[in-house]
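Structure incoming, see below.
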Amino acid sequence: MPNIFVEELVHTPIEKQVIEIVERKGIGHPDSLADGMAEAMSRELSREYIRRFGAVLHHNTDETQIVAGRSNPQFGGGEVIEPIYVLLVGRATKFFNGEYIPTDKIALKAARDYIRQHMQNLDPELDVVFNVRLGEGSTDLQDVFRRKSGNVALANDTSFGIGFAPLSETERLVFNVERRIYEEFRKKNPAIGEDVKVMGLREKDRISLTIAAAFVDRYVANIKEYDAIKEELENFVKEISSEYTEREVEVFVNTADDYETGCVYLTVTGTSAENGDDGSVGRGNRCNGLITPGRPMSMEASSGKNPINHVGKIYNLLANQIAARIAEEVEGVEEVYVRILSQIGKPINEPKALSVQVIPKSGYDISKLERPARDIAEEMIANVGKITDMVIEGKVRTF
Amino acid sequence: MPNIFVEELVHTPIEKQVIEIVERKGIGHPDSLADGMAEAMSRELSREYIRRFGAVLHHNTDETQIVAGRSNPQFGGGEVIEPIYVLLVGRATKFFNGEYIPTDKIALKAARDYIRQHMQNLDPELDVVFNVRLGEGSTDLQDVFRRKSGNVALANDTSFGIGFAPLSETERLVFNVERRIYEEFRKKNPAIGEDVKVMGLREKDRISLTIAAAFVDRYVANIKEYDAIKEELENFVKEISSEYTEREVEVFVNTADDYETGCVYLTVTGTSAENGDDGSVGRGNRCNGLITPGRPMSMEASSGKNPINHVGKIYNLLANQIAARIAEEVEGVEEVYVRILSQIGKPINEPKALSVQVIPKSGYDISKLERPARDIAEEMIANVGKITDMVIEGKVRTF
Amino acid sequence: MPNIFVEELVHTPIEKQVIEIVERKGIGHPDSLADGMAEAMSRELSREYIRRFGAVLHHNTDETQIVAGRSNPQFGGGEVIEPIYVLLVGRATKFFNGEYIPTDKIALKAARDYIRQHMQNLDPELDVVFNVRLGEGSTDLQDVFRRKSGNVALANDTSFGIGFAPLSETERLVFNVERRIYEEFRKKNPAIGEDVKVMGLREKDRISLTIAAAFVDRYVANIKEYDAIKEELENFVKEISSEYTEREVEVFVNTADDYETGCVYLTVTGTSAENGDDGSVGRGNRCNGLITPGRPMSMEASSGKNPINHVGKIYNLLANQIAARIAEEVEGVEEVYVRILSQIGKPINEPKALSVQVIPKSGYDISKLERPARDIAEEMIANVGKITDMVIEGKVRTF
Amino acid sequence: MPNIFVEELVHTPIEKQVIEIVERKGIGHPDSLADGMAEAMSRELSREYIRRFGAVLHHNTDETQIVAGRSNPQFGGGEVIEPIYVLLVGRATKFFNGEYIPTDKIALKAARDYIRQHMQNLDPELDVVFNVRLGEGSTDLQDVFRRKSGNVALANDTSFGIGFAPLSETERLVFNVERRIYEEFRKKNPAIGEDVKVMGLREKDRISLTIAAAFVDRYVANIKEYDAIKEELENFVKEISSEYTEREVEVFVNTADDYETGCVYLTVTGTSAENGDDGSVGRGNRCNGLITPGRPMSMEASSGKNPINHVGKIYNLLANQIAARIAEEVEGVEEVYVRILSQIGKPINEPKALSVQVIPKSGYDISKLERPARDIAEEMIANVGKITDMVIEGKVRTF
């Protein structure tokens, strides 16, 4: 493929830069909730389209907006005063081949089920008011047949995707700290909500983790208990940190707490969306699960875009997978950056440009790495359809 | 200030990288419209708060959502079938010091006026349906007095801002091509709408500009005229390109046009929001006006955030200004990257870390550049309040 | 009480008029659904206010609007394509005595539960999208204390209530036909939905009942079965009719059906709100369960108004109860009409005027009936507070 | 026509009844505003359909809901704090004969223009937020052709219309008092808003008019001026009353005012919808402009229904016109009541029943009146299409 460029990048590797900033917004953060519902909607629509027509029809549900509610948290259990308002936005094919598809209901159900499955203390029936505004999308019958007979979809836009590998130590740390609070600590300690934001700052070899963790009021009797759990959480994070780095790690939890005025990070439902924090699709984590201002990033929201021809989704996912494989399989790669640029109307397996930038490990020469890197890229772009399948099966992270 | 770090960045300068991707979404792009309305709302709220109370009260209007309408464009003039739906979202202080503030009306008026001023053919009364959901924000009386007596606001969150300078040739080119289509070409040729997206790809020394420009149907009689104007636009872009680069520039306008089926990029109002393209705040251009995946970027939406204590806005604007001054005033700087990290609850002129990364021009040594760079950074962080003023006066770009 | 007027009404009694028109909209009619949800909201708010504060605070939830959905009914089972949209509208006291009350959630839950309890095949989670717009109402602390110490509430408005008794034969017939289809026939035959409208026309001694009954598609295999059930329903109505009248009764079910084109009254959920029929509070049955254009009626929506001081509700319910008791207890009353007019700001047990109009049976003189009629009216207006209790306990019909 | 029944009604004529209650909600009352916008929408849609297709297509816009705003009125001029929210609801044919019709825009424009034309101080751009939910209605091409070739529309439903004539003295009085406050007094005295509710109570020969009139704050300097204007208004009403009745008339304006607490009926915009009073179509005046609980009334909202085949609108308007002509043209008619019952699917000029009930003047015999009354009814039902024209031309009152 002539459009694949592999080049050496001369660049201070991330680990050797003095300052590194990494952020992860947890599952219950308003932006992540928007991402999660958007992706769930797209996934369920895709499945329903396949069930009915054997192919995914045109849709994009990547514009969900969360308008925060109002709550009155209290130690021992407060209440949500005004429900969160969620506007499910996007386009979907509502009529195809003589048949109506109940897209709004599918979207609504997907969003509600998502909340139910991921949020312990947020009742999607009473704490949330949903509204749906799915515009009419349209799918060309021809196009679906073409795809069914094995042809590749055409890029919906001129856009690009970006990925890199491997994750730096701080990146791995930040990512895993949130994941393990969600999956381990929270399971044992229900006082921790799903809205956990982890901000990592590495200054040379000192890492500080600033964690904002929403507490759930009904599981906390008073400020003393609150403080005890906070300490527990700090200790948990410190402990697991050593599994990811040998650098010194400082941990700060809920630094804005003011014990004197009693102003602490208490919620009724485990998410700040209950009281003043709005959320949008595509404003939080990139599809590798992180916000990494020191790395190239795409502005495209991966969540909710259709997995058939929306290059803003597919190329971001693909670029990360290509980068990951190169970093893993090609000996001598210190860091690798992949960018893929589409051309509207061209088959998605024929990008306008696919750039692979490599920082070789010391002692390795780019000329040796070029061929295997290119091979991996070439193979993966040829099989870009696998991304679609993985997305529909829910096997790939988008935020 | 101890938290300012200046370091040398070893890095292939952007101009020497093989591949460079740069994008700008024009004024009429749905994401830009959302940004523009969000910022207008915040600006007008700020002014009204000052008028009434002598200080800007707490607010954030950075979550506006545009749900696309439906239109039926026709050569010679078609019509909007279903209006665009705009949900103005955010928080604002609605009651302060015994007085109610009509925040919803102010927001509504700001958004409508913004459309009126920036969009030639989009009627904010009939082509757009507005809804407002501004939650109750609250401002502490104490806090306002404190600020009025000269103290600095406290950071609202743990977040960061990012900036760099100077713009690369391709970046300047992409930016100016959109700006001059909007301000020069469109003025002479009303057939060009405000929704112009410019995607720049530099492969070594060849630049290609892929431009998606919405045409306004009433000013185009037929497909022949459409084609003629398209050619005119291509020529215009080619001509002005030479002012920004000596590299070879290819220009592609509306590449998805299909003359045979008559499927061309025609709109009634000059924006694709009229027919199927939704828009969100913070998903388009960064505050330097560009999307630059090869550069560090922040995910924070600058538009609509309050200019008093929202570091997601202030630090992004400030980082860009610091970078620009260093690039301009310090001799020997090839490229400079600035990142500022806040700490929730701390004065915004005392960031947790301010990192300045410099790629020196060949022949210059970082040790010589460090001091002047640090001085500029120090001076500007000390005067961070100027950013607030510039924002309220509308003197600073946020997208 | 000086404001009670009892007079003889010279009037052709309803049974002797040549033409009589009577209508009843069943439980599942969109207007009735709106009434039912509105009343459920008020009832649950009242109960919650009592639970928290020992008194019902100010609220009115009598403006719910149902926007119809879209469906694709099919013999054997079709589907709802676009959910019904329900806007719950009104005012409620959201903050009282230092405490926030989650009025929106209470209203939402009440409306959802109402649907769940009354509609067999309408899923309030997926077939309906709810939105809440309860404005801020306010309750004066003083006022609540005053009422708690036994004082009577003050009329909220200058308005009136109207009632009459007894029901005519046709009225009883129409009322009971709907009730028994809902409670008997539907239980045995799930193919009949809750949206059953009965229109009765009496021309002298011939009564025709025109019934529009929504069928539920999943319980009807084909048009033959549809026709068979329709015949069954007709027979059922004819049979029970003889319990209410000796007049000749003709029954017409779903007269707009067109078997040739297959256009019959089939629904997915049992209500026409699923496909094109909007509904509003106060546009259907009066609080005696009927629409009776030959009788005096009030335009006030009884459903959803607060049962404490909203005379538009209380006086309509009271007027009907006074009329019923007079008709039942006072010998010689052929027909009785009661009207009560309030004066804003005056205690509700002191109406501006209470008019009792009696048509005596032949052989009876108004002078004999006046005293007992007045006594009943006087006693009941003195105990107007009982209406409030009955409403909160759900013991009184409002539509 | 066999279905026309003329009968004598034995009935105390309204003027001889002891108690009479009559109400009129003025132009600016929230329910009237809803009616006015609903009718304006239908009228403009009808005109546009005619312009495009030569015939009115299917639509109904009779479900508009007004959700009250929030205001802070002040002597000398206060402000609207939260705009009024108006949900325009109904169905309309959006696609016909290969052409899209921008129904939402037409509806939006009609509603806005209506406000602009009828409300002096209510800004439809800033004091009101509009939303549109017009479902998809459908019109059969066949049906339109059929009608164009002179055939009569088929009744959309089994429903009825009701009318009576002449108006009683109290009815004329109440009607004209509101009309002349709106058209005369308000023009000279801008302090009076459009939201004027007149409640008339006649007890034998004493009439009391209780008037609730919204004052517009910017035109009233203080409570003294308020009181002076109130007195002026009272005097105006007393004066003009003598033109309509020789009975004694008492006038009460804004009886709930409390000068001590300063709680008077002051508004910013002239309507109570600005602060807490919601409004709905069909809950206010009947199509004769009055609410008359002592007279037969229909529950159907006339405003907003389509004027082609919606018998709930057409038959109400027609019944009133028939009654008016009989009362005027047939000698010896004291009172006349007309009811028309439709049959779904039958031509609207062939009602199932048309009942004319006459109370003859003393000395006149029903047998003499029957023939001319029947002739008028017969002629007018035959020309029912004229109602449609008058509605579209805006020549007929619907509330």
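Letters are used for the chains, namely A, B, C and D, taken in the order the chains are written, and counting of residues starts over at 1 for each.
Going forward, a residue touches a chain if its C-beta (ideal position, glycine included) is under 8 Å from a C-beta of that chain, and two chains touch if they have at least 3 such contacts.
Every value quoted in this text rests on a predicted model; they were computed, and no experiment measured them.
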Graph distance between chain B and chain C, where chains that touch are linked: 2
Chain located farthest away, centre of chain C as origin (C-alpha): B
Size of the rotation, in steps of 5 degrees, that lays the CA trace of chain A over chain D: 180
Interchain centroid distance [CA atoms averaged], chain A/chain D, Å: 56
Distance between the centres, which are taken as Cα means, of chain C and chain A, whole angstrom: 51
Distance from chain D to chain C - Cα centre to Cα centre, in angstrom: 23
Per-residue multi-chain contacts in chain A, two or more chains: none
Chain pairs in mutual contact under the definition given at the outset: A-B, A-C, B-D, C-D
Of chain B, residues touching chain D in the complex: 70, 72, 79-83, 94, 100-102, 104-105, 108-109, 112, 125-127, 129-132
Residues on chain B engaged by chain A in the complex (per definition of touch): 5, 7, 9-12, 17-19, 21, 23, 63, 65, 67-68, 70, 85, 87, 89-91, 133, 135-137, 158-160, 162, 197, 199, 201, 203, 210, 212, 255-256, 276, 278-284, 286, 291, 293-299, 301, 339, 341, 343-345, 352-353, 355, 357
